[in-house]
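All chains are identified by letter, namely A, B, C, D, E and F, in their written order; residue positions are counted from 1 within each chain.
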Amino acid sequence: MELLVASAVGILTAAGIYLILRRRSFPVILGLSLITYAVNVFLFASGRLMTAAPPILNKYEEVAYTDPLPQALVLTAIVISFGMTAVVVMIALGAFLSSRDDRTALPAEPEGAGEDA
Amino acid sequence: MKLLRRLLPHPYLTLLLTLTWLLLVNGWSLNSLLFGFMLGVLIPFFTQPYWPNRPRLGKPLKIAEYILVVLMDIVQANIIVARIVLFKPNADRRPNWITIPLDLKTPEAITALAGTITMTPGTLSADISDAGHALLVHCLDAPNPDAVRDEIKQRYERRLMEIFE
Amino acid sequence: MSLFLIAALPFLGAVFPALLIRAGRNAAASAAGLTTFLAFTGLMLHIPAIFRGETVFAAVDWLPALGLNAHFFLDGLGFLFAAMILGIGLLIILYARFYLSREDPMGQFYSYLLLFQGAMVGIVLSDNILLLLVFWELTSLSSFLLIGYWKHLPEGRQGARMALAVTGSGGLAMIAGMLLLGHIAGSYDLSVILQNKEAIQSSHLYLPALILILIGAFTKSAQFPFHFWLPHAMAAPTPVSAYLHSATMVKAGLFLMARLWPVLAGTPEWFYIVATTGLVTMLLGAVIALFKDDLKALLAFSTVSHLGLITMLLGFGTKFAAVAAVFHIINHATFKAALFMTAGIVDHEAGTRDIKRLGGLRHLMPVTFTIGTVAALSMGGIPPLNGFLSKEMMLEEASHTLWNGSHLIVPALVTAAAVFSAAYSFRFIAHVFLGPKREDYPGHPHDPNTGMWIGPAFLVLLVVLIGLASAKIAGPMVATAASAVIGGEKLPYYSLKLWHGLTPALYMSIAAVIGGAVLLALHKPLARVWDAAPRPEAKVIFEGLIGAFTRLSQAVTGGLHNGALTRYSAVMVAFTVVIAYLAYRGGTLGAPTRALQQPGLLPVTGWFALVVATLFIVVKHRNRLLSLVLIGVVGLVVSMAFNYLSAPDLALTQISVEVVTIILMLLALNFMPKETPAETPVLTRMRDGAIAVVAGLGAGGLIYALLMRDFAFPTISDFHLANSYKGGGGTNVVNVILVDFRGYDTFGEIIVLGIAAMVIFALTEAVLGSRVRAYLLNREPDLPRAGDSHPLMMVVATRVMMPLALMVAAYIFFRGHNLPGGGFIAGLVAAIAIIMQYMASGFAWATERQRYPYHAIIGSGVLIAASTGMGAWFNGMPFLTSAFGYIHWPPLEEFEWATAALFDLGVFLAVVGAVLLALESLSRFAWQPGISSEHAMDINPAREDAAKTGTEG
Amino acid sequence: MASLFEFLVAAFLVMGGVFGIVGSYGLIKLNDPMSRLHAPTKATTLGVGGVLLASLLHAAVFEEHVSIHELMITLFLFLTAPITANFIAKVHIHRQETRETMPPAGEDDHWATHDKPEDEERRTAGRPDAAQ
Amino acid sequence: MMQHLLIAPVVLPALVAPFIIMVLRHHLDLQRIFSVASAVLLAGVTLALAAQAADGTVKVYELGDWPAPFGIVLVLDRLSGMMIVLTSLLALPVLLYAIGSGWDTRGSNFHALFQFQLMGIMGAFLTGDAFNLFVFFEVLLIASYGLMIHSGGTRRFQAGVQYVVFNLLGSTLFLFALGTLYSVTGTLNMADLAVKVSQIPAEDTALLRAGAVMLLLVFAIKAALLPLHFWLPSAYANAPMPVAALFAIMTKVGAYSILRMYTLVFGPEVAATAGLTENWLLPAALLTLIAGAVGVLGSNKIGRLAAFGAIASMGTLLIAVSLFTQTATAAALYYLVHSTLAAALLFLVADLVMERQGGWILPQLPMPQTGLISALFFAAAIALAGMPPLSGFLGKLLVLDATRGSELATWIWAVILTGSLITIIGMARAGSLLFWKGHGLPQQNTDTSAEPPQQNPAARPAQLPFVACFGLLAGLVALTVFAGPATRYAEATAAQLFQPQAYIATVLGEEAK
Amino acid sequence: MIENAAYFAFACFALAMLMNLWKIVTAPDIADRILALDTMFINAIALMVLYGLALGTEIFFEAAMIIAMLGFVSTVAYARFILRGNIIE
């Protein structure tokens, strides 16, 4: 199980970064989504992996619970990254609509002319 | 009375929602009933702008009958279709479009019919005509399209006419 | 008068001219003059003490942590310089009042001038070398302003920048040098440093400190090879040149060498560096001066030469040479300031400073001629003027100075310099004033009004008086100042008189005068040779260097920050991986302490789906819609994995967020290209792939290593598990953590969400308020569109689903404290229920039915959450302290209340508002006028029938 | 009695599994896009339905608490599946078919998906003030 | 109620912002009044808090009444006190400037975003919890995204994309780091982390170190350390300048976090994380300074020049920080305050220039009010270049003095002094071209490539921008004149940082024993 | 018996999911992919209910229900995108 989770994190990270290194804003946002999955799973897994032990207290019997804290952290992280994704999508759209170009590279500004003295 | 109508714009919906609540909380306690009813009143109150011109439903027994018929058909038809999928070569299958002229007028009724058609396997509501007087149905295997059309009109549309109009 | 006040007066005075200029030029000048005069008078009040050999102190701590303190002291050397600065300053203020034209902003001029004056006074009064540095750099800055005073002249701007670059860099070197010096001496106070000669000279830091300090001094005093800035500083108005470049700023370097002479001088290093530099500068400056046709350039190079002379004297390291240096400082200040003012008068009246266009002015400007001639003769070393006296002393000392074992080098070079010195001095007289009157002066030369010539006249009077009665007039001053230079030790034997007998110095002097006359006679042919001779043009080289460096900087900056986000990200990722790996390598990793869990069928299936979908995204990412579909797969699998791994809350959140995100991205994609072009070269892709794979290995390897080991310590979540029910009143520990144990995180989180929505809203406004609006209105869809935008079935289904979904949201909200769910997920579900209406019936239709502004929903959410948190204050508890209890109202069963639920309601509202505001804003991009909001569905047979019968619309 | 229920639960499970896989298999096997669209209804109805019934029964009999909220899932699926199918069908009609390749639309002119944007404009042009 | 003062810097803007959105959304004047009033009140609150911390006591606020390390705590010590005061004192003039220049009217929600921005910064400075630090980083970042693209425009959006994407990468790294640290130590509270890290078994050090260094890199991104600084120039240069001025404190959040975590948790004494930064942090800081200085010289627009000036100052600051000695830290703290004010001033001056002639350093338009603006530019330039008489010089001397003991002292000195020189040359070039050369230009505009001034000047109080600038300048002057007390506070702060036991004991209460 | 039946059902739905995945990867048209993803959502619901049954817990009910609701929304969104470009108009 650990291997599956670790390799999934690795593959999501790698794919995410590869896409983040593309030149257009859309694949970059896709990459950010993937790497967000990766980091959420990573953070979640920092509490170690347990099946069938949700941290919902059982009043009737003694059972094992998985670590609830990373789950709470990931929840916060998911929400935050949702907000961030929404904003980056919008800014990317704004950039595209204003320039009709979705390249993430900032074009060079025209040089100011004149004698440098 | 007017006030009651405003507060309870649609009693059926309130009933459905109260039942839904009990279904969700998985219990029948008085607390749940009251709370569910409260929500059942509140939510339609807040959402009624989104559902103007609600149709009047008639004859609860008819509704129950209809649901039973459809459920039976679903089981039956599923098996037929599973056989087609699993064993019938694609070449032997006769997929077909069927046009079903509609006698139903209200959107709710048409939707119920279209939904029924889709949920009973082997047929699928694909589209509606540009003025809403015909339904386009696709058949997985219908050597005789007219028979399918008649069956739909007979078995489902007729019943829905009784329920909705 | 307190030294503080003397040092502060010019700075205070600097404020007035700028303010008073509206009251007129005289008011500004008077204000400047008055403060200077006050400071000068204050200084003079110390004469008795100074001439008794006492030192006046004034100290207040400023930055004791560093040893930088406002410690001032006044001894002979400081007094001499302060007197020159303030005294000549007065004359310059007077002179400038008449020199500057009506167009020149005079208030600014006097402000700058006083700023500079204050900085100079500060330098010479500082007892703390760090304080001295402060003033030192201030002189660079204020002189920058003064040199660039005539903003419209490119030469002024260039000259100012060159001066600042050279003297500023020297100042920076000096900072290092001073810090070293203070470190060696254990204090930055001069009074302490000057007592530590042995410690300083034996320190291994002596040489670096010496070199660094000397760089500062040499740049300031325009010593070779830093001399080139001075002539270009002549672009300044002449009062500035007269002040800065004769008497004050360029003397600051000399002052510093004199000041530190007791502890730095006397070593071979000192001698060879300082004396040689001085000697070379002196000769070079004199030679160049002879061939300058610009009066001010001539004077500038002559200044360079004389500064070299004094530097050389200080470099000799003997007491006698020190006395001579002090004396020549005084003399040079007098005649050179007078000469600059003369040049200024000539320029002002004749309209040119070009010697080739001058000559014969003695007839037109007799007063100026007299002043200029006397001063120039003194500069040329002609008896009985003061320049002769100190030059004699210099020659005397030079005549027996050994350089690298040679008796000849110094005397010979010094004499050569003296020859050129005499020559350019004669030329100043001969080619400007003598000769026939010309017809082609650009202006109408005549003597200026008294205000302008009175200053130089006074100086020339001093020139003569010192020359004739030097022992009486200059003697005490020279003695006190020189004694301060040599560290209070006994003065050597010297006498300040015209006749010393037939000494080698006298022969050298005579040779100089004769040689000078000969050179002047040969000037024309020599100038031709000079002009033809190739030589480095310092200005060209400097400007070239600076220009090249600026262009290099532009290229480096532009190249490094080339705007390519891909490269920035690649560098960041690669750097992170490398640094993290190195850090990891520096520690140890123990053997696994946990057993590997065997995965079942379900996880393997999920893993496989995830991996395939992810890799397929990478392969197919250019098809944007497909990528989004695949992201849906990834989201689904991750959500299921959370469920499988005992995190139902996460699963719920993940899948809900997922859907909203996809809707958002689809909304955006509508306006964007549907395909990403293939534009990266294979090599780049391979590089990116390599970086990505390494980073992936890092992340995966890290979590694998972590997963295989237990926590090193018991985790804090044991506490959460133990106290969730007791202390938080809930059995869903994750939810209790979110709304209670770490409710503050959640508070921050909803604010993030709220801000995100606001940002999106603001951005929409900005975009739609720009020319993009027109584009959007005329935009043709890039894909063919189907009909029936609001299908009947969809509309009907969502009408039923909306109340159901809201019911589900309520359910998830209320059970969240004890079972999976909570305000956040409930908020998302509710938001999605409403979004379904938007998707089914259209933006216009749904918006029209929206009763509560989303901004207000967000705001109320945040306020409810914050108020719940603040409610605890009234119980005397900290922010966000929760309370809960149980209520029993028969016939109802007991039920629980918790303030956490109220907090969660805040979360719920913020989420609903934020999601909807974001999506609504985004949807507004596509809004077109003319889109109907009347009907929820495009096709509705009932409507048509109703229209026929006329019953409803 | 228990074994009967056990058998019933097992039977529902097997039925669910079979129909689930038939649905997804159909998706691969069927050779025309419209036919493929029929397959998921199997997974939706008897596939998930079987599992839900099994779960319901299992909870009631073996865990001794009545749990009927699984019906909510069914409710949602029954409500949504036709709409999903309808939309995907419209995608096919939009992308693969034209007015000419489709069967006649009864008394009407053509199918809604083939409404041209011009038609839309005609429809909205009549009431320009509706936007205000 | 006084004991709740510690949460006030977070709660106050968190209440004002939604109030502005809900109630005052269409009342600009009221928004301005509330925003300024809130900023003034915030300044008062932070000053009161700093006064409480000045005697060296550590104050802890247990949110939700949960004891550390289980709940989240706010911690007030000298450092956090100093940082919140600096933030609020920076915010006020910047806000006045934004109002006076009319920037707040050029887009929606400026005042609400501004308040949220303050809330995020305050929260980051006050928190004693590592994950909560992440949350407040995100609050301040997302507010900064909004402020950065405020009023829109193609280039601003394009730069915004870069800014957001790069920072999202940083946030992701933050989570990787936090996950790693939690996974090893089982805690998130910073004081508790300190205890756990000091006792970490040898077999866990490799993973701990990886987590610790990733955290450092996150902060280094915020602090614009080379080669993680790339986000800064175009973001700051293209942001509205008052916003960039406020951002002057954001890089300091990074520096603050480095100081906090690497004195409290991964301090110089901690064996497990020894040598984590030694080989690369200082060289990177040196390169940062050079890159910034070269950028100042190589800039052709004043906004970019200011941005590179900010980078250069971060380089100097990080040099001092990277030594992790008490004296160097004291110097760093003094320089931190200085560089915040100086950079902010330069950005505001840049806006004055851009408003009038578009901001090209090789000017195409003459500029009204040149005198006053050039004086302000001069002040800002010498402050940022570290020239006397302003505090930059003192800060530079302090840093130079404090780095004397380092093995790389020669390099440090050479780089700082060379960096100063390049900055001076760059500033002199820019100033002389902008103000001197620009002075002589003909009045009418023939070249349209310069951005025209954006809006009607009638609607705004014309003096306010200058009041704001002079306010910041006054801050610099005060920092210079009262350098003695200021450095004493910095030294006391550094001393407190390097003896974290009191902090830990106060936060953890009995747990510490 | 139930256990074996549950395993069988697990296997069926897992296999079904893999088939959906196969379809997503190989389908010639985007509509088929959306369809396959939608089916995947349904199979996921079944798996989740099954898993709850196997563990004897109801903890996964909400997730299954939400997926039923949201799978629909995302499918409609994809389809609307293809049909109209704009999913909210």
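Just so we're on the same page, a residue touches a chain if its C-beta (ideal position, glycine included) is under 8 Å from a C-beta of that chain, and two chains touch if they have at least 3 such contacts.
All values derive from a computational prediction rather than experimental measurement.
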Quiz item: What is the touch distance from chain A to chain F, in steps?
Solution: 1
Quiz item: What chains, if any, are shared contacts of chain A and chain D?
Solution: C, F
Self-check item: Minimum number of chain-to-chain contact steps, chain C to chain F
Solution: 1
Self-check item: Most remote chain, CA-based centroid, reference being chain B
Solution: C
Practice problem: With chain centres taken as the means of their Cα atoms, state the distance from chain E to chain F in Å. | Solution: 48
Quiz item: Distance-wise, how many Å sit between the C-alpha centres of chain B and chain F, to the nearest whole number?
Solution: 22
Quiz prompt | Distance between the centres, which are taken as Cα means, of chain E and chain D, whole angstrom | solution = 55
Self-check item: Where chain D and chain F are represented by their mean Cα positions, the distance between them in whole Å
Solution: 12
Quiz item: Mind pulling the chain D residues that touch 2 or more other chains?
Solution: 18, 25, 37, 39, 44, 67, 69, 72, 75-76, 79-80, 82-83, 86-87, 90, 92-94, 112-115, 119
Quiz prompt | Residue list for chain B, restricted to those that touch at least two other chains | solution = 20, 24-26, 102, 111, 114-115, 125, 128-133
Quiz item: Which residues of chain E are in contact with two or more other chains?
Solution: 131, 135, 138, 142, 145-146, 149, 152-153, 161-162, 165, 169, 176, 179-180, 182-183, 188, 234, 300, 429, 433, 437
Quiz item: Each pair of chains that touch: what are they?
Solution: A-C, A-E, A-F, B-C, B-D, C-D, C-E, C-F, D-F
Quiz item: What residues on chain D touch chain F, complex-wise?
Solution: 3, 6-7, 9-11, 13-14, 16-18, 20-21, 23-25, 27-28, 33, 36-37, 39-40, 43-44, 47-48, 51-52, 54-55, 58-59, 62-63, 67, 69-70, 72-73, 76-77, 80, 83-84, 87-88, 90-92, 94-95, 113
Self-check item: Parts of chain F lying in touch with chain D, wherever the complex brings them together
Solution: 1-2, 4-6, 8-13, 15-17, 19-20, 22-23, 29-32, 34-36, 38-39, 42-43, 45-46, 49-50, 52-53, 56, 58, 61, 64-65, 68-69, 71-72, 75-76, 79-80, 82-83
Quiz item: Which residues of chain C touch chain F in their complex?
Solution: 601-602, 605, 608-609, 612-613, 616, 625-626, 628-630, 632-633, 636, 639-640, 643-644, 648, 651-652, 655-656, 658-659, 662-663, 666-667, 669-670, 781-783, 785-786, 789, 794, 801, 805, 808, 812, 819-821, 825, 829, 832, 835-836, 838-839, 842-843, 919, 922-923, 926, 931
Self-check item: chain D residues within the chain C interface of the complex
Solution: 72, 75-76, 79-80, 82-83, 86-87, 90, 93-94, 112-117, 119-120, 123-125, 127-128, 130-131
Quiz prompt | Residues of chain F that touch chain C when the two form their complex | solution = 10-11, 14, 17-18, 21, 24-25, 30, 33-34, 37, 40-41, 44, 47-48, 51, 59-60, 62-63, 65-67, 69-70, 73-74, 76-78, 80-89
